[in-house]
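Right, I'll just put the structure down here and ask away after.
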Amino acid sequence: MILNKKNLTPLLESMAAGRDVFVPARVDGVAKFALFGEGVECAFDLVNTTMPPKDLLFPQTQKMYHFDVDANGNYRIREYDESREQVVFGIRPCDMRSIVCLDEVFLTKGFVDEFYANAREKLLTVCIGCASAAETCFCESMGVDPQAAPNADIMLQDCGEVYRVLAQTPKGEAEVANWAAFVEEGDAEPVACELSLAVDMDGVVDKLEGLYDHPIWENLSIKCLNCGTCTYVCPTCHCFDISQDMRRKDGVRFRCWDSCMFSEYTMMAGGHNPRPEKLERVRNRFMHKLNFFERRYGMSLCVGCGRCVEKCPVALDITRLIDDIGACDVVPVAQAE
Amino acid sequence: MSVVETNEAAAQVPENWEPKIIAFCCHWCTYTGADLAGLNRMNYPANVRVLRIPCSGRMNPQYVIEALNKGCDGVLVCGCHPGDCHYVTGNYFARRRMMIFKRLLEYEGLEPDRFQVRWISGAEAGKFRDTVMSVVEQVRALGPLNLTREIPYFELPAVPDGEEAFDAVPEEVVPEEVSA
Amino acid sequence: MSRIGVFLCYCGSNIAGTVDVEAVAEMARSLPEVVYVETNKYTCSDPGQEGVKNAIIEKGIDRVVVGACSPRMHEPTWRKLLADTPVNPYMLEVANLREQCSWVHKDREVATAKAIDLVKMAVAKVARLQPLHSIEIPVHKKALVIGGGIAGMQTALDIADAGFQVTIVERETSLGGKMVMLDKTFPTMDCSACICTPKMSEVGNHPNITVKSYSEVENVSGYIGNFEVTIREKAKFIDYNLCTGCGACETKCPAKVTNAFEQGMSQRTAIYKMFPQAVPAKPVIDAEHCLKLTTGKCGVCSKVCPTGAINYEDEDKLTTETYGAVVFATGYKLIDWKPLYPEYGGGKYEDVITGLQFERLVNASGPTEGHVLRPSDRTEPKSVVIIKCVGSRDPNKGKAYCSRACCMYSAKHAHQYLDKVPDGKCYVFYMDVRTPGKGYDEFYMNTLHDGAQYIRGRVSKIYKEGDKLICKGEDTLTSSQVTVSADMVVLETAMVPADGIDELAAKFTVGRDADSWLVEAHAKLRPVETNTAGIYLAGTCQGPKDIPDSVCQAGAAASKVIGLLNKDALQSNPQISRVNETLCQGDGACVNICPYGAISIVEKQFRENSRKVVRPVAQVNPGLCQGCGACTVTCRAGAMDLLGYTNESIMREVDALCQW
Amino acid sequence: MTAQDTIRARARELLESGEVASFVGWEAGRFANQTTPLIISDPADADKLVFNEYCVNTLAKYVRDLVPRGKVGLVVRGCDSRGIVRLIVDQVIKREDVYLIGVGCPGVIDRKSGEPLKKCTECRHNNPVICDEMAGDEVAKDAPADRFAEVREVELMAQPERSRYFESIYAKCIRCYACRDVCPCCTCRECFVDARRENWVGKQNNVAENRFYGLTRVMHIGDRCIECGECERVCPMDLPLMKLNRKVIQDLNDLFGEFESSMSLDEGPEPLITYDLADREEFM
Amino acid sequence: MMKYAYFPGCSANTTGKSFTVSTAYVAEKIGVELVEIPDWNCCGTSAAALTSPELAVALPARSLAIADRELPGLDVVAPCAGCYRSLKTSLAFARESEENRELIKKIINAPYEAKADVLTLLDVLATDEARETIAAKVQRKLRCLKVACYYGCAMVRPADVCECDNVEDPMEMDDLMELIGAEPVDWAFKTECCGAAQQMTIPVQAKPMIERIFQNAVANGADCIVTSCPLCMLNLDMREAEINRARVANGLEPFDIPCYYFTELIGLAFGADPDEVGIDIHFHPAKTLLLQRELDALELEEAENIARAEEARKKAEMAAKIAAKKAEKAAKEKAAKEAAAQAAAQPEEGKEAAE
């Protein structure tokens, strides 16, 4: 089944009838996923948005509970559920791969985060493959096919003039069912997308375990500013802090993004900080991206979208780190029993 | 992040709306002036609440932002006349800081009358009353502060019908064993 | 969880008249952390206070909010009340429900709503307060008086008589200041030396007073009760233990130096006593003019000295001592009128002299042994013109202020002249005659009766014709031009602060006004204190005044010092700034904003992340800090906070007010 | 001998002689015309140092972490040198902690657009204000058109429009604090945003909290800002932060007389921590 | 070469004729070129300020603007004190601010940069270069002539505009007089007001002002008064006769004090004949004093020559006596030496004889 690019806008308008459709767009000069509607013109020409789509599933500030004391003095807690039927149209394969990571974190290993779960259920993902890549894209090296996203509901492979429509989940099939007016039969060959940037990932995960005290961290971390840019533009970063906003007798408990780059992130009562210096914090972030997540969930936490490489104020580059790790000759430590 | 919509709810003026103004007054001069106004049984509108600080030099611009963010419609900062400061130079520094801060707030779109600074001595009870009355009138004319602020507008979560509240502690969840 | 007690007062009908106190109490009970609310008809009355005390103890209250009259009124009362309870006196916040609520609003409902807000703010603030304790500052039972004039001496005597040690630092070689230069003093015309020299000798011999003549303050540190003052005793080249003051050396010394004490109208030797009755009654060698010290020749004085007290290798001596209080009595000097008034000859005419020069002429121990002889040719002037307000009340050329004492001493000069030269004519040009003291106006009337001719107008020009000084002026009462040809002219010039007052006052961080007079804490209520605790003023250093006022101020300053030194220790003001050393970076933005110089940067050692680190941090001196809080705002990181008005408590107060 | 060669040679000499323990400069990045800061302590790495018109980053603030290891060598252009002066005047480091190799700056080019960076078009001091030695001579540069053009442009907007304009700015801010972490004036050990007890700024990301952070930061650095424009460059959301900083600088100059911060080590106190009896009186 | 733009002023060829003549003479003698400003206009001292302040500033500015344009780079010399003050005030006003200059330009509708400075003739002659040439050019020192230098008020007040060093006791003219051998007297009325216009409006009250000036000059031993302002000259010289008449009526000694322009005296010192430098058109007879003093000077010179000759003779006498004494002493010493030599020689002869 193929979908002509010309029909995109009418398709979007029809989908937006009952639901919120988020499309990549430039709002006030910032490329992000915005609610499709008048005054928002889609920017499918963007290779990728600056702000990742994770905001739809895991907003920067999410109200969790409202609590107060009722008339006879006992606590009353009411949970917010702001999840709504949403469609994210035009999400890229690397971001789809990041949703896989987020699903692992929020939905598996014994505790289901229902705020994330509610949002995730109601989200329909329409992924559009990449015909061309930015200079900072290296998704192939991280095992992501620029024209394929197994976990997307619907996959539109970019074939130049048209998209090749693949419904990959029951939800996707149901949705494609009512695209009849916009799609035609037939097939098309997706355009091959070459990436200029590639890294060699094999052996890196194991090597990292032996590099704990290796000077490469020193050289890398010394130039980091410890701002939170990379963690906030990264589609897979999922650390958050919970705090509350009190009024006299009632208040709202909310969750908000936090960054392991901030020194206050690991500040403990009494003033001890397990990661006091930049070195520990930078090492921890890259280890989490490339090693810890692999060990725990069996997949890399970096999807190669290149946003952090693009947006880092001091051009601290994960790909150069991977190259440097490759170049190191440290023998990998035996597998932890 | 939702597109910015200034608080439409705040824009319409509720019918019996009264401006809420906070006045940071220095203990040695203006607070004394305010007390004197009381002694002379002067009368002025009750919209102004006085917060006592030792000196206008103690006035941190961050309190003004807090007040405006948390619901005040106007802020008044008062201190001794330059030269009379009990701590000699407190108000000289305050004068410079407040001049710069007032221009910055107006630059960011705050109506000039919402943030005012006035030197009122311990003997100027009349001036205190007149200042309070003029500030209240000016802020009343401007209406509620039309600034985006989430705090006063906790949209209470919709309580699912019939269910008053739910048990705060979730039911027991058995962790799956760790996959290889 | 703190247990806050709220005590609301009816204040008879003052508060209850327009505020529904019970409704406020009802609301207060619903506030978080408030465990007990009580209303009272008169909380400040004894029964009222008893009730509060019992409630505190019974209910185990640890923080108290009092909703009553202004804190400026009864906060000390509530603090004393809390002192008798386990609650720290500073865990208290007062909501001003009377002066700023019930008295100024008529509508009961509006006033009650405001009262509720004020109580909410008070509760929010008290919940964040911490117990504060003032510390004891030791008081050294010694006073330092700077300046040995009549004011300095009187202060020193009063303090010494109260049993405290006093040190007088006098820049000149002897006590006495300006008063000892005068001949007579108004209004009683008793001889100045006769009432001043006894005081000098009393000071010289007083067991509790150490006189450091020919000495100056080198530098100062410390604060009230603990002023570390270094005094430089300039080299006298004479060993005062050996010297008997016989004066043999003075007679033999060949050097000739203009005598500043005699206002430049006579010469003195290099080794000299300022005047015969000097205290200490021993000479000093003037290093600049002594031939031995400048050229190496001579040395006559050491030869004639019977006790061998002369020591040419003497050096300045620096001594540092700690004083509990410091009194400035640095006095005044006459304005240098010559550059300011070229129309009076600008110093070209020798017979145009100042008031002090006239005092030396009529003084028996002066250069002319009391005969009024004019400096140029030592003849007796048959007509004298006295011009008042030269440099005073003249913002364009001199000083804008009135020097207060010249009206009286110009009348005295006229009287003395007419007394000494019976056939002399004396004209006094004046703008106003100000005689604001006991017996002052009568004294002025006597001078008029003596025949002094008061002409209301200014002298516009003095010029020499032949050996006469022609004074051209006007008489505004008859609006006619007046020309007086005089033999001598006396200018009553303005008083200005003594030389070097700016540097000296800066060392003690004492304020000065535009004319460099020392600034008192409050013009009307605290005239002898300064903004720097422990430093007091006496005499003309605070502004022009005559001898009676100077002596009055000296007594006042002494009583303040005695009041201070009586205490073994001082209670420091606990509501002062406190440094959070983990946040402080030692950038010193707070240091130069502190009006009291209470903050200093010190190197300190810390353990950070299991590593020893030495870094500069700010340190607040509890004795000096007055708790204004200016430093808390310049400290960007919020390391500096003001106890009693912490950032957190003010923020919560603002929050409490804003959330209805 | 281009400036780059001189820098490399001098860096090697300084490191070999042990006069400096570490040297800060730029090195080539992975992509075309990309540079990234480089901190070396081994003389052999000196040849990695580059100096061209793509050296985007201002290096001053790195010195703060390097000083504990010993004296730091540093390449300084106009903005870097003023950053160093700022650190010294704020007592973060001492003058003898750094060895400065000055170099005239022709203005940095954006590697993507090829245009000079905004901060460089507005730069008024492209030659180092202090340095121990010069690698290559100063570069003449004509002063930019109008320093406060942007500010005036905003001032001309009507009040409601200005209010919406700044609300949209504060809505975009994601509170990543890059502007704070790159700024040489922001050297507090713990920023006020982390002061949990005072809780000046909540942790949630909404217009009100972002406004609190934005306004407070401007008031904290307003009288010391060196106008290097880095905060604007590093902001991932491209917020026009210099419009705020320059507004305060313009007002300070108008009200209290011209004050160019961080131009020399012995300049007087900044305008907001001093006063003048003859200041304008508008609150009487 | 000293070259200036010259602003003559209205009194130059009228009441101040002798000032102009003597100035020209002196200037030519010491090589100062005074180029008259073409189409200069009244400086407005007398009435401009009464009509409007702008006029008082613009009138002189017009001439200054012409000087800027026509004679670029030359400073303007205004010998008459009244003109000097008006020009100087206008210049100060123009240099005070940009708007002031714009205002002036609008009124005189001509470009005006206020570059040229305004000087008095005294300033010109007080420069080192001028003083050297004057000293060189002096042929006859005006010895024993006691002069009271009278500066008037316009050249010194207001002090900040006229940039005068000492408002009460200026010394520029005194130094010049010393240069040409005269003896300036130390007196107190150097800058006292001469009554200026008031002499016409309220003569009764104004007369004593002049009388006092003469009185103080005489009291301090002055023979004559030297001035540099045509108006002062006018008041002093012209009204001396009236004052003398009044004094004689009151039984007081009349004054006999001629008044001169300082340029007239410098001219005389250069050897000029009084008529050449305009001394012939004075009110008060001015020549007799000069002749008298010239005679005194000659007699003084004679007496000095005699005294010098006497001294020389005495010195020569004493020198001769000293020489004689010295010769005597030398002769005695020689004689003693010979005697000693002979005594030493004898024993040898004895010894030789003995061998």
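Things worth noting here:
Residue numbering begins at 1 within each chain, and the chains themselves are lettered A, B, C, D and E in the order written.
Operating definition for what follows: a contact is a pair of C-beta atoms (placed from the backbone, for glycine too) under 8 Å apart; a residue touches a chain by one contact, two chains touch by 3 or more.
Treat the numbers as computed from the prediction; the structure is a model and nothing was measured.
Each step here moves to a touching chain, and the least such steps from chain A to chain C number 1. Excluding chain C while holding all other chains in their positions yields the touching groups A, B, D | E. Touching chain D and chain E at once are the following chains: C.
Using mean Cα coordinates as chain centres, the one most removed from chain C is A.
Among the remaining chains, the Cα-based centre furthest from that of chain B is the centre of E. Contact tally for C-D versus B-C: the pair with more C-beta pairs in contact is B-C. Chain A and chain E have Cα centroids separated by 97 Å. Separation between the centroids of chain A and chain B, computed from CA atoms only, is 40 Å.
Chain D has its Cα centroid 32 Å from the Cα centroid of chain A. A straight line joining the Cα centres of chain C and chain E is 55 Å long.
In chain C, the residues that touch at least two other chains are 582, 593, 634, 647, 651, 659. Shared contact sites, meaning residues of chain B that touch two or more other chains, fall at 1, 3, 61, 66, 89, 93, 97, 151. For chain E, residues touching at least two other chains: there are none.
Here chain D touches chain C in the complex through residues 90-92, 187-192, 195, 197-200, 220, 269, 272-274, going by the rule given at the top. Across the complex, chain E meets chain C through its residues 166-169, 187-189, 192, 215-216, 219-220.
Partner chain A is touched in their complex by these residues of chain D: 29-31, 34-39, 56-57, 61-62, 65-66, 168, 172, 174-178, 180-182, 190, 194, 202-206, 230, 233-234, 236-238. By the touch criterion stated above, chain B contacts chain C in their complex at residues 20, 22, 27, 31-32, 34-35, 37-39, 41-44, 46, 49-55, 57-61, 63, 66-67, 70-72, 86-90, 93, 97, 129, 151-152. For chain C in complex with chain A, the residues that touch the partner chain are 30-32, 120, 582, 608-609, 656, 659.
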